[in-house]
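Next up: some structures, all given as structure tokens.
You will see chain A twice below: alongside chain B first, and alongside chain C after that.
Now for the complex of A and B:
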């Protein structure tokens, strides 16, 4: 079998045989001796503990907050409310100019999800912090809540987030991300079979063994030292500076030791309030999620609902694919606008299909705001696509491996995003996996190669893909997207911003 | 809250502290004694990251009242390696890539030590049972089970060393 080395050819050594071998981690000795220092292993004196009072409601107006009783609890040092936060309303991706400020560090007029932070209590022990938090009195007026992405988009649905004014993210004037190639309706008419299905992902909790947290320590040099287990150290630093309206060079973040993250420690949820507490009291402040905080208020993977309608021929060629994706952001944007872009960018999967029509929405609901998790956006789409591929294969009675080989993209094929495929390796992967699994595939498919044109020619935009077997893939065609490829500025700008991804 | 005196042995050394009467052993070890290998993963007795040995028995220090340990002998991972030489379990965890983020590792090592101290030649089932109170979210349990079996000198497992 041929191994592709189209990318990073000069950086990749020949004859690598690392997969399947155990290599010792550089931090492993610290792990097995207990000497690895996680943020909470930092020795500090006079530490204050920060405890958050959270919303018990999914959606409610805050009528009144009373802190008097809590202030009298012995050991309670300071209580933080929205008015104490210099730039209380923020959005995570403002650092890269995506989205509008839509989320308060501490809620003040209303709460939009169960577990939303409202008040922070600083006390001299975890126990007194709990006692203080217990004495905070908040009057709520409950509001109707919406938990379903499609319900949220219907007229008359409760408005989740006033900063957006509607229950979806606005992509520079467009309600969703779009991918368009060819004419799906014509494709469906030609098709021998139509397979129309609905898929639903779950909002999975990362559940790292170490909950998210940090310790903020005022230092002698007029900076605040922050020991954090964030997965995005500089992101957290910049966002903290933004929320606290302070120059970022006054913050000194130390991290890199993360007790499990999986994407769940990307949102900057603990540092800003800990730093604010440290600045207001002059003391070191520890803000660590309890397991309950982590499970209830910690952001999960965004759940996607995905509809796929495919037209397939009896010979196995998929001739049209229409997808509608609803990415559940929960109550606030966080990274979900990006998740929905990734989802759209991943369609229609690694297959060459002449007619493609994709809509991908980032939707607000009164659920816990979602965040990064292990390829979010892509993972959900892949789940739906590959289950769909199996259903299609059964529909036309073709072996599922061979069905993928028939439709696999190849170098030079036009992708739905109007770019030519480069460095394709799906065919080779399927062949290798079939061998390893002892799965018989027809010799005809053995001879397939990603470098040669396939059986499923891309009918739509010309020129058709005809790269020679050895030549590098042709350059992308001049960008003049056909009518229907809307929002090019928005989608291409956002996509390029996100290209580095996590 | 009133303070009470307590004496116990930690990794063979005598310790004496004044502690809150309601303090957990985990908070005393981490906050007072400065031992950080037991971790606070849940503080409600469900994850096993705070595991220590009390008089040779595996215990969750987050739900152990420190006062009840008066006179007891407590072991933590800090006491496992001697004179720069790793305990066979520690070495096996290194060799088998049984620690990824490391947050569960110290608790796993305690659970494994509790088993091997009593039963030097456990079956795979006994190993699985011994760590059944310890959650790992990164490494996966197979390398951990294999490491523990390796430390006994023989591997009965099915994990394939490449």
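Now for the complex of A and C:
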């Protein structure tokens, strides 16, 4: 790895004493000698093991659950069902007031994806927990399922999630997040060529070395100590307190060594039931995903389907870009409603285009709920955009590297989300790679700079697309919760997506 | 059978921190009477180096050697709130919170030193080696250890600081999408070379050459670790991985690492890296965060390189030999 200190030298102070230098990691010795402690290194006595009974169906009504046989298995200590969970219906982002409660910790009336948790068996060994789980009898009535994002949005498609009442998230009364700049139709009319394409991301696994897990231990101060590999300590603590309807300071979370996160350990899927089990039995409870759980029931990266229609001129300028993004949330929102907005905000990529039209949908299907993963909301959009850029360059017969330099955004350019560009550095990255890879470009592109206005027409929002100055004022803030409320119930936190004021 | 070579490019930017903000992180810093500092966080080190980033930032801001700082993380009883380690927010959000806290602790330390040296605190500087000295007169100095001891045992001052960093929540206009997603972006450009076997459709990585603009490389070795790992992850996403081989159909799903395809050591290629630094005005020493961004550009760059090699567009990931071969066969039938 080398530094190109010649770029932006005048914007950078040098001579720092610690920052900018290679320093040995504080945790390096522990990691390379095997002394680093992970959650599973917690030593306890009387540890119980939690095994989840999961849905074998993509979509089904639960007719009956029988636990009698399982209760008689020697070593089975306790069986948890939906009725045992104080605030069983929740949504992860209620902590930041996004979305409505739409997911049960344990399913009770129906299941919406294959692998959905229904019953938790607590037993004195992993083996007896498995044996107990095998004896749980559940009668299902299978329901029609929908797996494809566009099929799910068609009239008459099976309804995945009754809490939403439709197969998409509601964005302030719209089925999708919009981004509008200029007039794409006019841009398409002006364009020398139209390129209209479809892209499909694949769902992938975070594939951490260490699967998600935790150990919940009743502590000597009558709280629950939770040893967890969560990526977000207070996020998991607060969500657990919300689901268990308990004061958050009765939980003491400890973590900080994570055997691979990549976004998959934000969802807080193991802690609430382990804590509940520890509270109900007075014993330490271990809840850890098997590799199969991690691969099938654990959330994957969502698979976006993206349509891009571009208008491009013979000289290489992109004059209009229309994008339609379908974010496959699976059966529940988790973080996807947020991710779809992040995807919309990322359009049309790091390029200056005067006319942009984006629709970004968060769609419910009968699949394992997807979640954040390295590049959440961005990776899929960039895959589609950058392949599209290559197709455009070849359409107008311009070198793909030069084509990017022609369209790259620069300081001061208007972005599709109506903010001026600051701190751009795409041009310089392309120039640096031209040198590194020996990819020759016309000398005129050498003089391009992110800090100087470019040849691209300065995009400005048309009057019609300006944020309206006469928009109604934001609703007043809600009254504060009644005194004595230890943790707000999920229902008191309901608000529509990203609406101001909560 | 012919092995065909192609090259492809992709250039991207990446938003730093949670989209639309509203995601605070906090830090506490305190010194022992012997002038050793502890940074207390609830943030998570995923292995990406959170502890080292905050340790270096704290040492720089305090003006002390890195050995005099340790970082304690991930205990909800002692560490103040942090939103979490995701959304490329660790370096930017937590780094700023640590600077904030360290500045407050440093001010107390310099006040204590000023009282001992009988000068104004504004006339003092740290040498980064454990001493506080009068600007322009380094012989008039006191050690950090003595100043911290004096603060606590003579002056009754706590050498400590609190820090929080917060980008206010923004709300998109539902009609136009007008919004402030983030305050800064990182940038990247990647060129890959591949070889494609036109008889089997197998794609072999030849090279990956990238430039990353990341504001400030706070620890170059950890930056390199991220960029190389991200390069591998991106090529794996492009060519191998999926939990649903027949998406949206759910059948034939992998359940373990013998059925979930990933590249092995023999499948990866040399990675050449260049780093640019355009500091973010609101980044810690300009820092942004390279971790998430670097896994992205290899994916479209590989797709584009395959097209360059054999003229086949595969617009659905992963780009398996089957899809490439079907593309090649489809072309030869139309000719």
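In this section, the second predicted complex is superposed on the first by the 435 of 502 C-alpha atoms of A that agree within 3 Å, B and C clash if a C-alpha of one lies under 4 Å from a C-alpha of the other, contacts with A are read in each partner's own complex, and residues count from 1 in each chain.
Throughout what follows, a residue touches a chain if its C-beta (ideal position, glycine included) is under 8 Å from a C-beta of that chain, and two chains touch if they have at least 3 such contacts.
A quick note: this is a predicted structure, and the numbers were derived from the prediction, not measured.
In the superposed model, A:29 makes contact with chain B only, not with chain C.
Using the contact criterion defined above for the overlaid structures, shared-chain residue A:194 touches neither chain B nor chain C, since it reaches no partner. By the touch criterion defined above, A:291 reaches both chain B and chain C. Legend: residue contacts after superposition of the two complexes on their common chain; A:207 is shown touching both chain B and chain C.
When the shared chain is aligned, no partner comes close enough to touch A:280: not chain B, not chain C.
Contacts of A:350 after superposition: chain C is touched, whereas chain B is not reached. Using the contact criterion defined above for the overlaid structures, shared-chain residue A:404 touches chain C, although it does not reach chain B. Touched residues of chain A were counted for both chain B and chain C, and C has more of them. Using the contact criterion defined above for the overlaid structures, shared-chain residue A:258 touches chain B and also reaches chain C.
Residue contacts after overlaying the shared chain place A:37 against chain B, while chain C stays out of touching range. Of the residues of chain A, those at positions 19-23, 25, 27, 31, 207, 258-261, 291 touch chain B in one of the two structures and chain C in the other.
The residues of chain A lying in touch with chain B in their complex are 19-25, 27-34, 36-38, 40-41, 43, 127, 206-211, 258-262, 290-291. Put simply, chain B touches chain A in their complex at residues 22, 30, 34, 36-37, 39-44, 46-47, 49, 76-78, 80-81, 86, 90, 93-97, 99-106, 109, 135-138, 161-162.
The touching residues of chain C, when paired with chain A in their complex, are 7-15, 19-20, 22-23, 42-47, 49, 51-52, 55-57, 59-60, 63, 65-66, 70-71, 73-77, 79, 81-87, 128, 171-181, 184-185, 187-191, 209-213, 216-224, 227, 230, 233, 237, 241-244, 247-250, 253-257, 260, 262, 272-281, 285-287, 291-293, 295-297, 299-301, 303-304, 307, 313, 315-318.
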